[in-house]
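These notes open a run of structures that come right after.
Look for chain A in each of the two complexes below; its partner is chain B in the first and chain C in the second.
Entry: the complex of A and B
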């Protein structure tokens, strides 16, 4: 959940000091380059660069592994499917592309405060004002999404425990209904809390 | 007069939540107690315009909440029972800084104010930690920091210790005593009201007792017997 919950790892590495906008632009360029790189050898080279960037960021092995761990089974399935339909080269290339892109995105998350990311996004989205969209609202939406992941995960865990306690763990409805009701209640409460903090014109 | 309720009636759906509440709250520490569903939380929410009276009026800092809710909220901080519902940003320092976004302050000033308030409430060591990694008590302190960094004139707390253990409840009680603001606390935690200037008891939407903590809590205990 580390990558999804904006777990910034404090530090003073060159990557931490780089402006958030530059990192987001770099991420876009790097992901495009990963798509364009054709051979497994070139992608392996890109993998070495990603590992070097992680070493440069000094975020630690555990934080690095936490970025790619959530996609490990997806990567295995993807490799298997690609092996069947595109051969070994295609399977290695496609799987490496996905894993490296996730790792790079995770590196940006680990070395960038959410507030800095919000400011960068607001600047990027400022032309949206001309079509009636508020960049602050859009960046706040992103931040609230990130913040809501652990809250909904905790809610799901509580609902699961309550189900097990009542012996109805196999019922999808008994899981989904309280989860959705709880998430909607949380959304209401969050809206009210934003109003109470003076953000009532959103 | 800081908080004035004048013949306040609140009806939600088919239910009368508050029935003709009139009170003028000028004391520094005011508590509100009452059974579940007695209208306590609605009374608290009226103070910063999160709820509006169906009839009657609520005046806070000289302004009518019906017409000036947004302006009043800038002077009235509100602490909810569940801190998870009021933490907006992923990390501790970012959440406190978020409160200051509309102030137009320089980044250095924001960082200074955030560091000050985190140090005051014992969260300085957690500044860069993810908010969801904090304990329930620490989350409530973070929510308090995010309110207090705005230096409100009035602080409203809706059952602030309900989800806290004894240690954090005592910490919140201690902090309450030090705050220079006028504080209105809605609570079931009767020891929290020790030393308060005034306590109101609500029952079925009406103020049925109003006085010192000893008198009001005594009345409340009889009511609940």
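Entry: the complex of A and C
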């Protein structure tokens, strides 16, 4: 998974071709349905549907596993705990519900380009224009943030090196204060530059 | 000075850079606390710092921006997590709680005026960065995993000591930042913006 391309797996399946907004809405409906499904049998059926959807998307087993992997230990712990307190039925359905919800959300992530998803989310956030965040400012804010991540990461690396040279690498405070001050200085210089170029009046 | 049409660019830049700062504090290898032995994520510390430095609604917006990028699929959460999966998983409530937590931290710091003391910063970080985040996180965790609210609260106690330490660290860092850079106090920054924004 590349830092700034996300987890998107290129493809031309029906799932890839669906608009991002439709996939988001579908995910919301599916997750609600998962909460409402009670019996292990119904949830097993839902599991078959999810596996079929993954097969339809042809993203590959490795990409699918990468989406579910973060909750694997949590799922094991949850299953054990529920087995103790709620019996086998409860353990199976609760664990399935969590894993399936994560897998479905992962499927949307895998089949949607980051840019397309960002556009869909921007549309969801469009009511923000009533508090002064019009579409131009909203997308500038999002892209400025994406651009700032490597800048702040480079700043963090520089501060870390300086702290090592001074021999205070174990102190969080000695690391974070220069980092936050540096980030603020960068932010204020950036804001001033944008303002000086007349972006405030757009 | 003319009336602003929307967000001032200075505000926009601060919100964007702090959203990025929260992301960077969660990057693997960017920061090792106590050598390499304890892999602690400082991402919630970033949330509290955003509150203490940006003030309530700017901090909340910075967290929202970060979460939108995460939802879009960028791996910006601690451990390189990202995508929609984190919002349907068991810790989704904590992520949503970040928004309210940053806002409450900022609100409490703003009440401190031009010179919020260390005690106020510590209280703000504990209430906003630990209390409010748990208030959102625990019920959602109970709902997703189907356990009782009481048991979910007990389970979350494992994380409490670490989070309290992070809150205290965040307030120390905020205090140091505000001493080195007075404009890092929300009230001072507001005053300067109102007085025409010039230096």
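Keep this in mind: the second predicted complex is superposed on the first by the 125 of 202 C-alpha atoms of A that agree within 3 Å, B and C clash if a C-alpha of one lies under 4 Å from a C-alpha of the other, contacts with A are read in each partner's own complex, and residues count from 1 in each chain.
Heads up, the rule we're going with is that contacts are C-beta pairs under 8 Å (C-beta built on N, C-alpha and C of every residue); 3 or more make two chains touch, one makes a residue touch a chain.
What you see is a predicted model; the values in this text were computed from it and never measured.
In the superposition on chain A, A:195 contacts both chain B and chain C.
Look at A:114: by the touch rule set out above, it reaches both chain B and chain C. Within the superposed three-chain model, A:184 lies in touch with chain C and out of touch with chain B [touch as defined at top]. A count of residues in chain A touched by chain B and by chain C gives the higher number to C. When the two complexes are overlaid on their common chain A, residue A:144 makes contact with chain B and with chain C alike.
When both complexes are overlaid on chain A, the residue A:105 reaches chain C alone and has no touch with chain B.
When the two complexes are overlaid on their common chain A, residue A:133 makes contact with chain C while staying clear of chain B. Once the two complexes are laid over each other on the shared chain, residue contacts for A:17 go to neither chain B nor chain C.
Touched by chain B in one complex and by chain C in the other are residues 6-8, 114, 140, 144, 146, 151, 186, 190, 192, 194-195, 199-201 of chain A. Taken together, the chain A residues at the contact with chain C in this complex read 1, 3-4, 6-8, 24, 27, 31, 35, 67, 70-71, 74, 78, 81-82, 85-86, 90, 94, 97-98, 101-106, 108-110, 112, 114, 117-118, 121, 125, 132-134, 137, 140-142, 144-146, 148-149, 151-153, 156-157, 160, 169-170, 172-173, 175-177, 179-181, 183-188, 190-192, 194-195, 199-202. Across the complex, chain A is touched by residues 2, 4-21, 23-24, 27, 30-35, 42, 45, 49, 53, 65-66, 68-69, 71-76, 79-90, 143-147, 169, 172-174, 176-177, 180-181, 183-184, 197 of chain C.
Those residues of chain A that touch chain B in the shared complex are 5-8, 10, 113-115, 140, 143-144, 146-147, 150-151, 154, 186, 189-190, 192-201. Looking at the complex, you find that chain B touches chain A at residues 48, 50, 69-70, 73-74, 77-78, 80, 82, 84-91, 94, 97-99, 102, 128, 130-132, 146-147, 150.
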